[in-house]
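Let me give you the structure first, and then I'll get to my questions.
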Amino acid sequence: MALAIKPALSRVGGFVSLVGDSSRAMFRRPFPLQEYLEQTVFIASVSILPAVFVTIPFTVVVQFFINQLLQEIGATDLAGGGSGFVVIQELGPFCSVLVVAGAGATAVCADLGSRRIREELDAMETLGLDPMHRLVAPRVLAFTTVALGLFGIVSVVGLVGTYVFSVVIGGASPGLFVSNLTLVTGAPEFIMAMIKTLLFGVTAAWVACYLGMNAKGGPKGVGEAVNQTVVVTLMVLVVINSAVTTVYLQLGV
Amino acid sequence: MGVEVVVEGLTKRFGSQTVWSDVSLTLPAGEISVMLGPSGTGKSVFLKTLIGLLKPDAGHVWIEGVDIAKCSRQDLYEIRKLFGVLFQDGAMFGSMNLYDNVAFPLREHTRKSESEIRQIVLERMELVGLTGAENKLPGEISGGMRKRAGLARALVLDPEILLIDEPDSGLDPVRTTYINQLFIDLNAQIDATFLIVTHDINTARTVPDNIGLLYHRHLAMFGPREMLLTSKEPVVAQFLNAQRVGPIGMSEEKDADQLASEEGIAMPPLPPLPLQIEPSSGIPRRGQRESGAWCRENGVVPPAGSFPERAYAMSLH
Amino acid sequence: MSTLEESRREIVAEARARQIAVIKNIPHIPGNVIYAVGQHMNFYAAALAGIPLAVTRYRREVVRLIAAIAFGTGALVLVGGTVFVVAFLTGFAGVELGLQGYSQLGNIGVEALTGFISAYINTRLAAPALAGIALTATVGAGFTAQLGAMRVSEEIDALEVMSIHSVPYLVSTRIVAGLIAIIPIYSVSLLASYATTRAVVTLGFGQSSGAYSHYFDTFLIPSDIVISFIKVLFMAIVIMAISCYYGFNASGGPAGVGRAVGSAVRLSLVVVLFTDMLLSFALYGSTDTLNISG
């Protein structure tokens, strides 16, 4: 165990220095705009379809149980309130980041990992190009952009999905569903959800870049780095999720 | 005691692209053959087709009356037990140490007791010079050791046919010489039919009894070592002597302009033929022929200075 | 390396050639989809058909894999193994449920019912869904990485030439071992979700643990727990089959293995959540097991 602590600490140190270096590199000129745009399109292209198809079953199954609960206490018409709450506050950020972690981060980690193995990163440095500036900074921003965009998509898909499920299939009143949407979910909740999404996106990007750039040992190494990326981003995700919720509840809105 | 492999009209395509077509040759039982070719000519594909990992589009591979190209999956698994294959990087299972890797085929395919297995495994590991490394994991050892471990595993079921994919890739010249000597000694000991796929001409010039050359989607030539080494056929002469002049260019074939510009340049004279490596025990292999025998029988005069040791020995008389 | 790359590319090209032959007469895109679905189905059928061989001939491998799955190998050991990761994720789902459940129920003045929410939502929804996601990330991605690395370093070819049936030996054994290992993993995870919700509500919000336990115990229904396990086992089969497919068919060197892990995770997440939804409809469709008002 004692042996395992030292490498773990040096990993944490490496991660922190990557976070610092890439944050500073974000403001260095010229900003690698093309890399940023390419990465945004790339991450979006691997994330949008999974986002839609993850959101539909996830929101519907949650709504299914919430409706059952509401039925038990005789308040089916509160389905709209439940939906707004579930989709915007919990599942919106969660699904968008789940996909950013599962689709975007894996793709970015695999890409950087194979560049490391092919010694492309070494080649960049010998050419005097800083990978933090050229590769990591634009990816972090691209992740943030895509995560926010996905949050929008996921929210719309989720609300439509739960509406169809509760009103069209479940027989709740359409007017009440819509008017209750904002019952427990208003602007502060929406902002909290945006903050969650932003934090998730940035962290997922850093984790993916760190693990990808430090991959070693051939095919097995890259595979394991990608595996670790999903696991670590998911773990960080749930921690941030609960931390933000706690802060929000403490604020006592 | 070695099995003959007969290849008839073998053709392999990937989509519309032909890798090679109409390859026919016979790997003589118990002899060592080398398959040569420029990069990307499908040498490894040929090896994988012989063992049924890839299905050819046409043709047959006959081994003991079974056609590997057409037989059922069950027959294929049965006939594969005659084979040992050494993959490029050894293909050792990363989750097992070297001992378990080498013991693996015995545990899966025989009913031997653990103590019998132990005896065989240690014997094979000694043969390839890996005594003492039994408990190492494949990830912890060098590429050369992984290759030798792969060889020990390929030998453990006493194969009749041994297929070897690029034994020299990633090895330095000294290690290559050692592993080539090992192949000769092994052949002397187990009499299996060997096929080595490589693009190392030094291996091709000194190890085999027979050489084949794949080039431009067909088998350019296959025959005894001395026949190819003395051949004036441009592709064969160019490749076996690593010349720039000849039909092979940087990207497989030269274009017409390049060939035209070489019109007047004569092929350089053939270098002297080296001796074939002999078993270190000094006892000749079953398939071995005296150096120079083929040339004498076929009335071919080898280039001056060929077979240096023999020439030296003769000058003493 | 070059020949390895070569032969992988050749195998891909070969698959493509067959694909072209199959779909010559159908318009291209649906044809590709049909072809891909066919490839997946063939693989899954072979993997399931190999299970008897896996439990008889390759039992040693199954036993080795059970331990490897529960504790994780290589990458996962650093973060505490599969058990820890899955329990960590379901545990935090429990935390979130405690936080949001207590405050939302507080809005309508019935925060006393949070214990009931834990017994109901954790068992039926939160723990299985998070476990499915966590298993995709741990066991699933791990399988893809392992098999993908074996494929590109020719270890699967080596098995084949040693006359070992590679699908039963590598894939069916993993599915069997996974199903066995999931039971303790999920037991710990479900308990973790209960424990964290309870901790948040009783320690964090200061509800009396007696009141919490009363509603929790009353509404913790054994059949719900059994169904929860059934859901997770189904999800596990789906995850393992998809992950093994992508690993087994990886190509293109280290980059290819990385891409395979990404593809496997994407498809698994989608299919797992659909599986969860459909099983929930089927298994929890009737609500008469619960009767809160009476």
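Per-chain residue numbering starts at 1, and chain names A, B and C are given in the order in which the chains are listed.
Here is the rule we use: a contact is a pair of C-beta atoms (placed from the backbone, for glycine too) under 8 Å apart; a residue touches a chain by one contact, two chains touch by 3 or more.
Computed from a predicted structure; not experimentally measured.
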| item | value |
| --- | --- |
| Central chain (by mean CA position) | C |
| Most extensive contact between chains (C-beta pair count) | A-C |
| CA centroid of chain A to CA centroid of chain C, Å | 19 |
| Whole-Å gap between the CA centroids of chain B and chain C | 45 |
| Intercentroid distance (Cα basis), chain B paired with chain A, Å | 52 |
| Sites on chain C at which at least two other chains make contact | 149, 153 |
| Set of chain B residues in contact with two or more other chains | 94 |
| Interface hub residues of chain A, defined as touching at least two other chains | 220 |
| List of chain A residues in touch with chain C within their complex | 4, 8, 11, 46, 50, 53-54, 57-58, 60-62, 64-65, 68-69, 71-74, 85, 89-90, 98-99, 102-103, 106-107, 109-111, 113-114, 117-118, 184, 218-228, 230-232, 234-235, 238-239, 241-242, 245-246, 249 |
| Touching residues (chain side chain C, partner chain B) in the complex | 1-4, 6-7, 10-11, 13-14, 16-17, 20, 64, 68, 73, 149-150, 153-155, 157-158, 160-165 |
| List of chain C residues in touch with chain A within their complex | 74-76, 78-79, 85, 88-89, 92-93, 95-96, 99-100, 103-104, 107, 120-121, 124-125, 129-130, 133-134, 136-138, 141-142, 144-146, 148-149, 152-153, 253-262, 265-266, 269-270, 273-274, 276-277, 280-281, 284, 287, 290-293 |
| Chain B residues touching chain C - in the complex, by the definition given at the top | 13-17, 19, 39-40, 42-45, 48, 51, 53-54, 77-78, 80-81, 83, 85, 87-89, 91-95, 104-105, 108-109, 150, 165-166, 169 |
